[in-house]
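Chain nomenclature is as follows: A, B, C and D, assigned in order of appearance, with residue numbering initiated at 1 for each chain independently.
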Amino acid sequence: MKLGDDKRLDLYRVMVRIRTFENGVRQLINDGKVGYVSFYTGGEAVAAAVSAHLVKEDQIGSTHRPLGHLIAKGADLKRMMAEIAGKATGTNKGKGGAYHIFDKEVGALGANGIVGGSVPMAAGYALANQLKDTDNVSISYFGEGASNQGGVQETLNLAACWKLPMVFVCENSSPEEQTMLGHKIDYPQLSITDISQRAPAYGMPGESHPGWDVEEVYKIAGEAIQRARRGEGPTLLEFKIHRLNADEDSPHCPIKCYRDKLMMDGVLSKELDDKIRSEEAAKVKEAMDFAVGSPEPELVDAYSDIFVEGA
Amino acid sequence: MSRTITYAEAICEAQRDALRSDPSVILFGENVAAPWRPATKGLKDEFGKERVRDAPITETAFIGAGVGAAIMGIKPIVELMLIDFGLVAMDQILNQMAKTTYMTGGNVNVPMVLRAIYGARGGGAATHSECLYGIYAHMPGMKVVVPSNPYDAKGLLTTAINDPNPVVFFEHIRLSNMEGEVPEESYSIPFGVANTLREGTDVTVVAVGRMVQEALKAADELKGKISVEVIDPRTLVPLDEEAILRSVQKTGRLVVVDEDYERCGFSAEVAAVVAEKGFHNLKAPVARVANPNVPLPFNKTLENHVLPDAEKIVRAIKNVVK
Amino acid sequence: MKLGDDKRLDLYRVMVRIRTFENGVRQLINDGKVGYVSFYTGGEAVAAAVSAHLVKEDQIGSTHRPLGHLIAKGADLKRMMAEIAGKATGTNKGKGGAYHIFDKEVGALGANGIVGGSVPMAAGYALANQLKDTDNVSISYFGEGASNQGGVQETLNLAACWKLPMVFVCENSSPEEQTMLGHKIDYPQLSITDISQRAPAYGMPGESHPGWDVEEVYKIAGEAIQRARRGEGPTLLEFKIHRLNADEDSPHCPIKCYRDKLMMDGVLSKELDDKIRSEEAAKVKEAMDFAVGSPEPELVDAYSDIFVEGA
Amino acid sequence: MSRTITYAEAICEAQRDALRSDPSVILFGENVAAPWRPATKGLKDEFGKERVRDAPITETAFIGAGVGAAIMGIKPIVELMLIDFGLVAMDQILNQMAKTTYMTGGNVNVPMVLRAIYGARGGGAATHSECLYGIYAHMPGMKVVVPSNPYDAKGLLTTAINDPNPVVFFEHIRLSNMEGEVPEESYSIPFGVANTLREGTDVTVVAVGRMVQEALKAADELKGKISVEVIDPRTLVPLDEEAILRSVQKTGRLVVVDEDYERCGFSAEVAAVVAEKGFHNLKAPVARVANPNVPLPFNKTLENHVLPDAEKIVRAIKNVVK
């Protein structure tokens, strides 16, 4: 499969958008306008490549590091940033924060503060698509740490038994030595090298690949998503990634890798790169201004949305 | 005109009505398609295995799938075989099902019903006998329904299925065969509206589920001696505080009957509400007749010993009315 | 491996004991002296063969069909029967019933009313053995339905990561068409044919075998148990069984199969068989009489054992 | 003589003492060996990775393993990273850990401590901020400890580790850095014995955990105007009902302060106990100052708006003392 220049530049742009957005969040944290956020930095190729196959009517379930997944799925940057800053204009009216961002409009359903918590729900999105007889699919993102959670493993089985149109995407952030939240753990949390070794346990196909080459992810994810759309059931994919700091220079940085490649291929020039970056920076700046300038929720809002009205 | 069916049949009927009238309603859970289970009997045959779907023993996965499907506009009725088993899935129930609406600021909502059998059955022991609705009612975002008779069961379940919010629906194992008049046509009973089953002037007895029968027995037994008002709130969340307070205003006395564990349970909540908001009307201490914080013992004599019943209610009433 | 005659007769006798005991329970049910019990009938070869490798200081975690496991592990027949009848002399003082029988004395730890509930606990028994630096092991029994439970799958991983000295024994009671509690389910609960296909998902060895040939189970279980004793970690075994009625004549009846074989081999005669059966029947009769003749718990016992004394 | 350390350090010290003096004590949980976590700092280095053991993110498996190990005579201290995450493991906690002793008629017991951080932190939102001890206290068989200061934290945790029964130990995230005088030597504080932190005659305020600080602030603020008695029960199960009732006998008024959700929570339980057993001493309605059944909002202003604080306590006190 040969990707067209436009598609390639789109993939690149989405990755830049994610990184730029997260750097914007970092700046708001420095400015004391945002509290704690779990960053996705390093995983951009996965979110960008997976969502490049999705339409608005497809859904994703995400994690405690949701920003990349949500942005790639098209969630509104301004309302996301406002949510992260706890503002009334946020996707969640400031009541959920980064860990709980949902943007239903685009199927970004959603971040989750509980490790593995979104995975059964993503099966529910797939079930709804199946019942409605559409060819829409859902993606369930989770980490290698989350892969052990009972609910995640139960859902792999349920998806296989019900042939749900979904793809499980595990982002393994410690492919070399096992870590948890940055701590090099003394006892392993996994006794296998590849999470996809769990796929046969549910009679489903599975593959493991590096997650910093956006085109490779694009190809692998595309096959699994097409399979789901055709009604052939779920797939378990693992992509190995490395969590990076803001602008860490690393051979595993998906953005740097792709920039080099696109430049080598003559698809991206220095000028075009600057243009893309400054366009994305402008969008993020706009989101930051929107967030900072937005009002706090009213005190009475604390009591709304516990239940919705109507019956 | 009148027709008598059982509590379980009434529950089945509410589901059948919903499955018939609304294509977005589905039902799943362990063995929901098994032909011998009274609350789902015949539904698989009528609606097919896709809409009435057997699930693997993975409560976390399938309850979570219910939450996800509900977010997508499906109206899932998810059955837990017994409420005790829900403990394996509390994250999906209390974090996701109950709170997603609030945490997303209403960006999504969860029109889902979780049905479960609950209650002491006579020899079920402590993993097959509990109520635990105190736990569900503790978590904001969940509506909690505990019907005490066939008529209410059908009407409340219809309301639950139509409610755009998460609802847990508690079906007492020992009410399953209880018969009662139930209209054939579909009808709803609003949440948060208590049912006054006996009017009285000396004492207010509040009870839900199977305990309503025991409260009525106690009221009958005291007839002519003490005038007992029996109130069935029907839903714990929302709770019809007004009806309870109004009754206590009249009677000046409160006995709360609850099959659930006493500590931090529904009986505590009702007692607290009245101690806060009805204090000046109270002429006597509030009394609770609940499970005295004992895991349900297997031996039936012991089980009965710890369960509330008419006799204990009578004793409690006599204690506060003297 | 060639089993000696005594060992073979022991295996046979334990199976007979289990069946006879369960039939005794059935009789008490008919007599209205016992309520509902979930029977193990059909699985006898598994319990007998596995426990033939165990000593008192090894532990088992069992299920809602615990009678076979408990008996094979040496639990006291009289106190078990009394427990089933809810008597004060029961293993659990009549407060637990069949679903919760524990007999600590012999490591029968224990029945469980929650599907999969005992599996994490069995890992705890193994952990204790590991910490105490013994070569004792624990066995975790569960059904194919339970195999999907999150807690069971989590525990497989934990046991592998911590190299716990334990063996997971799945008794698959619907090896041909999938059923749950006797209902032929419309949607599958498993999308694999052998539960042992899950072993590689945790980097542990696994095997699947018929469960009605007691000597085969003995051989397979022995290897896994020895492996655990040597500190080489856990194994996942699956044995296919068929749940039978009281005295169902079935090619899958482990007792009938073994009786025929032992007779063919000249190890068991009609007379010896009668002797074994009548000895076991006498023990069970004694247990039934003990249960029936035992007192009910006192009412005050309802309030004891919520907490134990001491500190 | 006197030495000042933090609440988290006090918790660490109690564990260190236990690990030193009793070889059957072990500690495990997610990242318990990570060097930066204050309540377990240095323990891995001193006792090795076997006894201070990192666990995979599988709360059901490792809490259940704690239950099993405890049954075998090991004394596991199991850490839940946050109490909110315990919902994924409620079966092992509430069915197995809490009830196995009873269900086995004491054939086995479970000398295990489950430690967890709880409470609102400022922007944690509804999956990283809850108390939920109401749920744990609802289930018979579980002792529930909620220390409010470093001294109590060390003494109560020592008691918890030595207790032959299951104990859940709640550590408030915002007390972590609270400093206080803590003896270097090991000591125990008995369960079920309330601590009266301020003596007073006009109103009894009951609070646990971080809310004790808010109650004390309120008492200070009212000094000279209203005489406030502040009682910290320290353990919800067992509850020192006597101390509360004795105080209400003196003051005639009760305000219960609780960071947990109000409905069917600890505040309801205390209110109910007094409405039952201290009614005749009550001169005014009981008041609850608790989370008004709102999932914790992310926005800090909203979070503070729903959380109890000194100002709300003062208001409640003034309301009942007038």
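Basically, a contact is a pair of C-beta atoms (placed from the backbone, for glycine too) under 8 Å apart; a residue touches a chain by one contact, two chains touch by 3 or more.
None of these values were measured; they are calculated from a predicted model.
Ranked by distance of CA centroids from subunit A, the top chain is C. The interface with the greater count of contacting C-beta pairs, when B-C is set against C-D, is C-D. Computed from the mean C-alpha positions, the centre of subunit A lies at a distance of 45 Å from the centre of subunit C.
Taking each chain's centre as the mean of its C-alpha atoms, subunit B lies 37 Å from subunit C. Centroids built from CA atoms put subunit D at 39 Å from subunit C. For the pair subunit B and subunit D, the distance between C-alpha centroids works out to 30 Å. With touch defined as above, residues shared between interfaces to two or more other chains in subunit D number as follows: 53, 55-56, 58, 60-61, 84-85, 87-88, 91, 95, 102-103, 125-127, 140-141, 293-295, 297-298. For subunit C, residues that reach two or more other chains under the stated contact definition are 92, 94-96, 100, 112-114, 117, 148-151, 154, 157, 161-162, 187-190, 306. Taken as a graph of touching chains, this assembly is fully connected, with contact between every pair of chains.
Residues of subunit A touching subunit C in their complex: 148-151, 153-154, 157, 160-162, 187-192, 197-198, 200-204.
Subunit D makes touch with subunit C in their complex at residues 26, 50-51, 53, 55-56, 58, 60-74, 76, 88, 91-92, 95-96, 100-109, 140-141, 143, 159, 162-165. Within the complex formed with subunit A, the residues of subunit D that make contact are 30-31, 33-35, 44, 49, 53-58, 60-61, 84-85, 87-88, 122-123, 125-128, 292-295, 297-302, 305-306. Every residue of subunit A that touches subunit D in the complex is listed here, in rising order: 35-36, 83, 86-87, 92, 94-97, 99-100, 112-117, 145-146, 148-151, 180-181, 183, 185-187, 189-190, 296-297, 299, 301-303, 306. Taken in their complex, subunit B has these residues touching subunit D: 60, 84-85, 87-88, 90-91, 93-95, 98-99, 102-103, 125-127, 132, 134-135, 137-141, 237, 261, 263-269, 271-272, 274-277, 279-280, 282, 284-288, 293-295, 297-298.
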